[in-house]
Structure formats: C-alpha cells, structure tokens
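Right, one structure below, let's go through it.
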Amino acid sequence: METLKNKARELLAGKTVQVVIGYSRGSNGSARAVFICETAKVDSLIFDDECRQNLAVYIIKPEVRKLGRVALVAIPATLRTILQLAAENQINDHDLLVLAVNTSGEVTTLATFQAIEDHVASLDMDLNAAEKTELAKYEKLGMEERRQFWQEQFSRCLKCYACRAACPLCYCNRCTVECNQPQWIPVPAHDLGNLEWNVMRAMHLAGRCVNCGDCSRACPVHIPLYLLNQKLISEVFRNFNVRSGTAAKAESTLSTIRPNDTEDFIR
Amino acid sequence: MARIGVFVCHCGENISATVDVLKVAAAAAKIPGVAHSVEYKYMCSDPGQQMIKNAIKEKNLTGVVVAACSPRMHEPTFRRACAEAGLNPFLCEMANIREHCSWVHEKSDATTNKAIDIVRTLVAKVKKNKALLPIKVPVTKTALVIGGGIAGIQASLDIANTGHKVILVEKEPSIGGHMSQLSETFPTLDCSQCILTPRMVEVAQHPNITLHSYSELESLDGFIGNFKARIRKKARSLDEKLCNGCGLCTLKCPVKKIPSEFDAGLGMRPAIYVPFPQAVPNKPVIDRQNCTYYLKGKCRLCEKVCPTQAIRFDQEDEIIEADVGAVVLATGFDIKHGDFFPEYGYGKFKDIIDGLQFERLASASGPTLGEIRRPSDGKIPETVVFVACAGSRDPAKGIEYCSKICCMYTAKHAMLYKHKVHHGRPYVFYMDIRAGGKMYEEFVRRAMEEDGVQYIRGRVSRIYEREGKLIVKGADTLLGARPMEIEADLVVLATASVANDGAEALAQKVHVSYDSYYFYSEAHPKLRPVETNTAGIFLAGACQAPKDIPEAVAQASGAAGKVAALFSQNELIREPLIAVVDRQAPPLYSTCVGCFLCQTSCPYQAIEKEEIRGRDGQLIKTVAKVNPGLCQGCGTCVALCRSKSIDIQGFSHEQVYDEVLALLNRGESDV
Amino acid sequence: MSDFNPRIVAFVCNWCTYAGADLTGTSRMKYSPQVSIIRFPCTGRIDFMLLLKAFANGADGIIVSGCHPNDCHYSSGNFHARRRWIIFRGLLDFLGIDVRRVQFSWVSAAEGAKWAQLVNSTAESIRQLGPFSCYHKLRGLGVE
Amino acid sequence: MKTGYYPGCSLKGAGREYSESLMAVADILGVKLPEIPDWNCCGATAAHNVSHDLSLALPARILAAAEKDDMDEVLVPCSACYNRLSVTRHELLQDEQLRQKISGLIEADYRGSAKVINIIEWLAGISDLETKIIAPFAHRVACYYGCLLVRPAGILNFDRPEDPQSMDQLLKKIGATPLDWAFKTECCGAGFSVSRTDIVAKLSGLILNDAVSRGAEAVIVACPMCHLNLDLRRPNIEKHAGKKFDIPVIYITQAVGLAMGIAPNKLGLQRHTVPVKFSASADRSAARETRAQKSVPGEK
C-alpha cells in the first residue's frame, strides 16, 4: 500500500504523469475508482481484495485522455485489457504508465506494452477451477433447461446497458443497438430484444473478453453475463488455441483464420 | 415513396408450367411500394425489354424487379435495358423464380406462394437499392516483370511488343535463368543457349524494356493499375556506363577458385566475374564476400587493369522507384540440394550429382567442355545411374507432388550420355514415366529403344561408396521386386523441383497467396491460371508450379496477354459492389472506432488507415477507409464490424435485413 | 406434425452455392418448396444477427452454405465465416437454442444434386423438430 | 519421474549380457531400474503374424502393468520389444475403440500414460554421463542400428530413419570414433536366425564386411537379435563369406560400461562367441583403410 502511494506521489511530483487512476474507499466501504491529479490526494489510494474493477475502462474515455498521461493501477485483468486495447489500435505504447499491483502489496511499474506482455506471460490465462465447474454445470444441463434458465435470466434485463458501460472493450462510438437503419435490436426490453442484445454483446466480445467480470458486477438485475463470456473464452481457446489480451500486436481471433479450423458441423 | 415495377416472366412454359404467373403478378401488385406489375411470355425478348423500358418512363419507376431466371443468366440484359430507359442499372434486381422455383418444384400453390415470397423479397431489397456509378481506376501502362528466366524474358518481350513499357528485374548479375544452364532441351535436343541467347539480346536492346539485373524488389504498394515499386539495385562495384565488357578484370583477378553458381559448383570463377560468356548484360560484378580487397583491404588489381576506369569499390546499393500498372511474377524454381538424401549420400560423395550439374557437364560451354567426366577424378564414367523422383512424390520427404520435368530430362540426360560415351551403360530408376506432351512419349521410347538406356522400375533404397565405386541398391519391381545392386561411376539424382528460397518473402511483399510448397497460387486452377487473387498481379513459369520450357513460355505469353488487355484501356471500369466505411458530420466524423478488425480480415489489403485531422492539422481520429481499387466486395469486413460502420453496396445491411423480413412476413399480398 | 410445413431460409454465397442451386434447377432436380434463398456475395458477408432475425420472423430452420474450403471466390471469406459459426454455434447451444435448426454446408457450383439433397434432408429434419415456437413466442412488440 | 525396466525374454536368455551390462552401468550412474511386475513376452515377431489383437494385447498388458506401478516411462533395451511396445501404444492411442477392446482383453484399462523409450534415448537422457567416463572407449566403431530401432519412422519418431546419428553421438561422448558406413540400418537376417541361417550368414556378412573394410574395430549394437546374428552366427558368416572376421560385436551398454572402467566379466563380455579384443592388426588395417578412404575420390 505505502509503496503504491509513494510511487504515485513520485510520479505526480516528477510530472511523469498528470493523473493516477486507482482505487479508494467508497462511502459504503466498497472500493471505487479514484482520479488523483495532485500529490496531496495520494493518501486516498487503497488496494485490497475489494479492488476488482477493471480501471482500463477509463483510459479510452476522451475526458480522461484530456487529463494527460495516465498512471493506471492495474490488476491482472486490467493488464490484459490494456494489451487487447493496444491490439485493437485504441491506445499507443507509452500512452500510459501501468502500476501492476497484487494482493501482497507489491507494485511493478510497467512502462511499455512489451513490459506488460512479459508480466502477463507469467499469469494463468485459464478460467479458474471454480469458474470451470460452474460453467460445466450449465453445459451439462439439457438444452431445454438451458433455454429456460437463460430466458428467465434475460427476462429481467432492463436494457440499461450498464454491462456495456462497464466493459472496457465496449468502446464503439455508436453501438449497434443505436442503429435504426435497420433497427438491429428492438428498443423495448422484451424477451426477444433482450436475447438479441445479449447474444450480440457476447458475440462482439468473442475472442476479446479478458474475463474481468465487470459486466456482471454492473448488472443491476444480476444476470450472470460472465457465464456467456467464459463460455466463449473456453470455446475460443478450445478451437483456436487463442487467449485474448496477451500481446499488443495480436490479430483478432475472428478476423484471422486457419485453413484447418474444425468443420465437423459443416456438411 | 418507392415506385417499383414488377415484371413476371413465363419463360415460355418454363415458369408458367408450375407457377401461376398471373397470381404472382396480382400478388406483387398488392405489395406496398409496387406501382406496376405485369407478366409476359418472354421478358428477355425485345418486346419484353421494351415493356420494361416503357413502364420505367410512363410510370417513372424508381426500381425494377424482373421475376424470371437466375441473375447469373440475364441480370446484365435487364440492367442494360433499365439503363437505356434512364434508370440506374443498379436499381434493377432479378427474382429467380425459374432455377430456384419453377424448375425444382411440382405445380402447386406452395410453388406459386414461394414465387410470390421471392418476388416480395426482391421488391423489399430493390426499395433499398441505391443508384451506383461504376468505379473508374486509372492505369499506369508500365509492367513490372520480376525474374529474368525464360518466362520473364518471354513475358517482357510480348508486353514490350504491344508497345508498352516493361521494367524487368533480375536478382542475378545476368538474365537467362536456369534455361541458360541447360545443355540441350527435350524433346528436340536443340542447344538451349542457341535458342535462348537471341532472346536475351533482344531484351537488352528492346526500346520498351528497362533491365535491372543484379536487382531485387524491395517493396510493392498500391493496387491494380497503380502500383508503386521500390527496386534495390545491388552494387556491382562497377560503373556500368563506363564498362565495355572487355573482361580484362576477370582474367587478372587473383582470386580464381570460387565455385561458379552458373556451373552448379562444378566450375570455378574469379571474384570479379561475368556468370557466363553470353551474359546479358555482359558486365562483371564483384563478389564482395570473396574479393581480396573487401576482405583484406588491398589488391585493386581489376581497378588497375580496367581500360575505362569503371571499377567503383565504394559503390552502394541504389533504390529505384517506379510506378507500374501490372506485375508479372516469373521468379522460377530451384531444385533440392544438400543433405536431403542421407540414404543417397547426396552432398557426401562428389560423384553423386543433381540434374543441373549434369546439364553443366553435358554443356559444350560447361567446365568439361561437354565431355561427361565425373567431378571426383575427371574419369569418364562407364556406368551412370539416373534416379528419377529423387524426393518428388514422396510424402516422407514432405514433397508429395510430381516435379513434372524429371522424367523428360532424365531421358534426355541418359541419351546425351550415351551419345557422348558410346560404350557407357546408363541405367534409370523410375516410379512411373510421365511423358505427357507433344513428342514426349516418343522421346522416352527413343531413349529406351534406340539408345539402349536401361529403365528399371523401382526405387533406390541406398547408395554408398565402396572401393571408388558407388553401390546403388534398388529393386526391379517388374521382375518380382528382385533386389539389385549396380556399381556406378556416377549417379545423377533428378532431385525435386521446389520453390525458390525467397518465394515466400516475395509473395508476402506483393500480397499474393501461395500453396503449402510456396508455389504461387493462381486465381482459379482451371479458368484463371495466369492471374493471382490480387488484381493486376500475374504469374508466369515455374514459380506457380514445376513446368517445362514450352509450358513456361506459353504461360508467360498468357500473362503478357492479360497485361496487354489491362493496358488497352486508360481507365479500369469496375462494378461498384464494394465496401464503404461510413462518414458522419463532426464531431463524430465516422462511427468507425478504428479497431481495424476489418483490416486483418480483408483478403485484398483493401482497407487503409485514414487520419482525420482538424484545421490545425492535429489528429482527431484514425478510421478505416476502403480502397475502391482493391476491394472486391466479399463483405467479410462488413459482417465483422461491431459498430456496423462498414457497409457493402449492393448487399447493404438495409437490403439484406429487409429481404429476410420480407421473405418471412407474408403480408396482405399473401394468397 | 405431418402436415407441418417448416419455413426455411437459406443464406448462400453468390459464387458457389447460389450457382449450385441454379444447376439443381437446370438439371430439373426436385426439392421441397419450403426453402427460399437469399443471395450474398460470400459467406463471409453473412452477419450472425441476420440468422437471429430469420428465427425471430418465423423461420423454423436455416441453411447457411458457401464455397468449399480453398474454393472461396474471395479466397478466405468462407474461412472467416467458418470461424464465426464455430463460435456462434457454441453460444446458441449454451443458450439452449437448438443448433440442429441451423445447417451449415459447403455446396459448390457443380453440386446441384448435393443442394437438392441438402435442402430435402434439412427440411425433413426440421419437420421432425416441429415449429420453432419457443423462439417465435419471444417475438414481442416493435420487432421491426 | 519413475522409469521402469522391461527386459523382455532375450535379455533373460541369449542376450543376458545386455541386461547385465545395463544393470552395471545403471549402478554406477546410481539410477534405479525396477522391472515391470509380472511382465510377459511382447509377442516378438510371432504374434503379429498370427493375430493383430494378440500382437497388441501382449504389449498392452505389459504397459498397463507399468502404468499400474506408476511408471512414467519404460526403458526397453531390446529393439524388437521397443518396436512392438511403441507400435502398440501408438495404435491404441490413435483408436479409442481399439483401446477399449484391448483393455477388455487384458482386463486392465490401458491409458497410454507410460512413455516407451529405447536404450539410446535413456543413455542420452543422462546428463552427467561424461563425468563417469574414466577409461575413454578410444576405438573406431561402426554403430549398427538395425531395422527396428528407427522404423517405422512415422510411429517411433526417433532419429532419422535413413541415416541415424544418435548412437554415433553417444559413442563420441564416451571417447569412441564412430565411422561413416553404409550398413547402419540394413537387415541382419533377424528371425531367420533359426530357420534360414544361410540368409543370416549372407546379410550379416555384408554388414561385417563393410564395417571391417572401413576400419572399424568393433560393431556396436542395441539389439540382442542383431548381436546374436553378428556374433553367435559368426562361424556361418565366415563359412559363407569364405573369410575370417575377428571384429567383436558389442552392446552399447557394454561399450559404455568399459568406458566407465567396469570389469569386462561384469559386463558379460566373456559370453561372446567372438572374443572382445581390439587387435593391433585391426588398428593397422583401419589406419590403412582411413588413408585409403581419404584418397578415395568423393569422400569428404
């Protein structure tokens, strides 16, 4: 914790960065994002298990870019998001300084994408055991059970798009739901529109999502969106042996091909 | 409000026999936006087309749907008719109610209903069609030919003779390629150089051809009609303008023992050399890896003896830029060398040589002046074993294809040997004999029957050396797989023809696709054999697949014809069915966020980055832009674009979306 | 179910399957009229959203068909489509949407017979599955 | 990492010196080589001529036993056994149905977890081998791989089938000079050892002849069958060839053992038909040969 604060102080004081984006204690005791522009405020920085939000969501926002060079407190998911954003030409090398933190309080400064890549390389990209078992649980269900499960889940969807707002990889200037020529997704929150929205969301994140889980945490009606993401993450890895957010130069899974991709389902 | 005209064709009985065309026309009339709906016996006939033209004028239609045969059949016909009536041709669509309906279903309501569905679908589409103008692309009428072998030479001459400029790039110091190394050529046994060198000279003297020998392509950008080529002219260490090719320097050069590439390592050359006497251009080049001056800093003998002071030790590579409209790849092939056949001791024993080396032995201009003498001790070999399919057609060696030329040149080699060493005993081990070609089979027969070449059907399992003899172990599969051993003085392996080392790198430079063996892929294996999938880039010769001389020449002329056709017009007219990235008013400028997923997905490198800058020239955002010259309109990028910022003309989001809805929602037009 | 006539939409590429279907016609082979074709330049162009739209608007089954691998007129469009479908199927299945209702296939311009056979077998299997009512039921207000 | 040991029948009988020398070497290296409990014959050349299932079941039973004993890999010195076990593992891992069928036959679930390795892989895997060399095996040797050690290449994926090098590398390590010769992978006559000694005499004769003519002082083998043909059948060979061969045939483990300074009788050298001595004459002839070879055109 102290190391983090000192680091932040030093960076701001030395004008290496203009703003440090990190975590601070929220009113209800939870962790929330904080933007620190002057050394005086540095002490509000915290880091603990509560700090799960993927702060990369802020760095591509124009208003944040205006603030100047950013130092970003990053958990593993954030690091991978940064690489994914780089691979998608959304940020440039040296745009930001990364302060990789872990629960044991160590802080690693990563100045380049290369450094982030090397750091990320040591991480375990796979879903963790708990996630795997839960995913398997739903995969094992009968088709009809799965359909009912999801219909029930989606029936609660309000189309508030909090999932979209929370996702650092949903950065389009105009989301397809806002297209009305043609109207790809019906506006009202009825079962069909809700299904279509969620299918589209999942598909648009296929091969990109780094499983930070912010979409699910943001959902006011607690739809387990992470299940969809994790399903596609495992499908992408199983079929194409690709992990998103591992390299700043990687080509996107769905826009690249291998002539020997499986086609057992094609007649 | 749309005013669509629907024209239902009977196609004689072809449609009306199973589809109730009257019902279709009636139903179509009820579709919202349809201002006019008729049926007629033959829409494609002159009166039929006239009906359409008149209706367009009288009812001032905004779109036309012709419900008839497949668009692949008559779309051009009806679009032309519309154009003649003053309606943009791209506002005309065809509803395929023949191939996809009347011909494949029995007469029934279901069939008629399907016809109506199809019409409704296309009406919905045409409502969203936009008037499109054909794309015009300017053409730079200069061709770039890469590779100065027989294919490149032929292509260059043919293009040049149509009156267009050609830039010929050859990486070696002289043009001529492998053909110049050959002794005689099958099936006529005429001397290779005798027929080739006149062509080489013609290239050198042709007013329309600029030859860059000892040069390589550095990069190629742009698109059909408008390529930008950067060519690296490697330093010859010599002023070509001053050099008169007297060759004094090559005689005086103290370094003499460098294996000659031209003689496939069987002969020697100095450090400053002309690859062979008939070289074009006939100007030496200094091999800096072996020149004493570059190695030790002293010598400069060539400089002293040069009567024209042409030597330039400090010369550097030069980059030449050129605008070209078309590219012909004629980079040729190589044959497998080195430690590829441990079981054959190839590369281990001097007297096991490959086909090209034998060509040099047999060549009158070769290191032995045409006498067949084995490399090790210069003895005339009494027994020579020729091994066909050395590597070819052998999955274990990773080369599953047939190298195509080996059967013929092996027969030729055996013959030449017999003609030169009358008492010699030539054996040929072969798998099958593939002598498809004019006078080819007869040629092989001659080798067997007149020249008494011993053909043994079987593969060689191992070759090893024993007391100065090469023991060739094989089996004669036509005589009960009898194992046999031949004591040979010389073994010639017809090693597999493979793509050149640089093939992959070059393909990636110019963006053409290649197969798993690095041979360049033609656009269509049967119908477009000289084009690549990249518009404006053509193929000639063995860089596409192993070929013999006549084939290479034929393909070269074919490629030249394609280039000439391309150059025959000042502008290319292309169907405007291409992708476009949307543009919006500031501050958005475009809904594209510049993730460039589209760029990696595009098979044609048609997607470029466009930087949108403010008045102050400061970068606002970088977005995708489709190059209309390159885009072929597959639409892969369109389906991948998350923000739906790319659309494709003729198959736009609105068009296909409305088609789906219209097809499935039978309105009051339903019967 | 015997009198049930499924609605099936075929999304096909212009160069291989559309031409193949033309050949089925010119060779006068018969197949079930429940299938209607929508023409695309390439399977690479086919947006997964369109498949959902087809179901939403009453389709009981879908055929998606294009050029065989390496035959793509645009060299790699079908490979991109294939990748997309691998993922999309995985997702649909996970959501409990019966993937047997989407039949992917490669039909070349020469395979008129294969097209007829594909259409008939697909129509039959969809007939077995019955109407896709569980999906059609979802259709609420303001779809268009 | 637990390495099991499958001696196979020959190493308990005719080729027991192979086993003895291996054990002696393993001792010095301080490596344990537990035998697979209750192992059976691999089926050798007989089984796969009789019944495909049997030819898979026998090795499968051996490997299943090894797996049951938590062995990660199994060392199989005999080339023939190595070949059978490897082929079996390959076939059963390729074909799930077949795997289940065979598992049924042997009443044990064969999973294929245990890797099959040959003697050369095993020796090459020992990092501190050189450090144990006290009496370098300074002789010109012809490394004889035979048929089964490197073929079928697609299945064994060991060394290059037409011109293997691994044994030569190993012999270099222990101070020997491996020669480039032509019969590395030619057949010695193998199973005809009993039924058609004339064939064995001819084929093995060619092998010895080439080795001797190139100045080899010893032929190094990794297969009891090859050894038997080249050593025990020496009288027949000499009769057939009409000349004497005094070149000894040594198991690779014996060569390594000698280099480690292990007593010859510990390595079973006394069991050989052809006395193991590296005659000065051999040296001279060898020297002559190598000179000759140098002058032989084409030789690099």
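Note that the chains take the letters A, B, C and D in the order they are written out, and that residue 1 is the start of every chain.
Methods note: a contact is a pair of C-beta atoms (placed from the backbone, for glycine too) under 8 Å apart; a residue touches a chain by one contact, two chains touch by 3 or more.
Every value quoted in this text rests on a predicted model; they were computed, and no experiment measured them.
Trainee: Considering B-D alongside A-B, which chain pair is linked by more C-beta pairs in contact?
Mentor: Pair with the higher count of C-beta contacts: A-B.
Trainee: So, comparing each chain's Cα centre against the centre of all protein Cα atoms, which one is closest?
Mentor: B
Trainee: Could you tell me the distance, in whole angstrom, between the mean C-alpha positions of chain A and chain D?
Mentor: The answer is 58 Å.
Trainee: Could you please state the distance in Å, as a whole number, between where the Cα atoms of chain A are centred and where those of chain B are centred?
Mentor: So the centre of chain A lies 44 Å away from the centre of chain B.
Trainee: How many angstrom lie between the CA centroids of chain B and chain D, rounded to a whole number?
Mentor: 51
Trainee: Using the average of all C-alpha atoms in each chain as its centre, how far is it in Å between chain B and chain C?
Mentor: Roughly 34 Å separates the two chain centres.
Trainee: If you look at chain B, which of its residues touch at least two other chains?
Mentor: 601, 640, 653, 657
Trainee: Please list all residues of chain A that touch 2 or more other chains.
Mentor: Correct list: 176, 184, 254-256.
Trainee: By residue number and range, which residues of chain C touch two or more other chains?
Mentor: In chain C, 48, 76, 80, 84, 144 touch at least two other chains.
Trainee: Could you run through all the chain pairs that touch each other?
Mentor: The set of touching chain pairs is A-B, A-C, B-C, B-D.
Trainee: State the interface residues of chain B toward chain A in the complex, per the touch definition above.
Mentor: The touching residues are 588, 591-601, 622, 640, 642-645, 653-654, 657-658.
Trainee: Per the contact definition, I'd like the list of chain A residues that touch chain B in the complex.
Mentor: Touching chain B: residues 88-90, 171-176, 179, 181-182, 184, 204, 251-252, 254-256 of chain A.
Trainee: Quick one: in the complex, what on chain B touches chain C?
Mentor: Checking each residue of chain B against chain C gives 70-73, 96, 98-101, 103-106, 108, 110-111, 113-114, 117-118, 121, 513, 533, 577, 601, 603-604, 632-636, 638-640, 648, 650-651, 653, 656-657, 659-661, 663-665.
Trainee: For the complex, give me every residue of chain B touching chain D.
Mentor: Within the complex, chain B touches chain D at residues 341-343, 348-352, 374-377, 396, 462, 464-468, 470-471.
Trainee: Within their complex, state which residues of chain C touch chain B.
Mentor: 5, 7, 9, 18-19, 21-22, 24-26, 28-34, 36-42, 44-48, 50, 53-54, 57-59, 73-77, 80-81, 84, 116, 144
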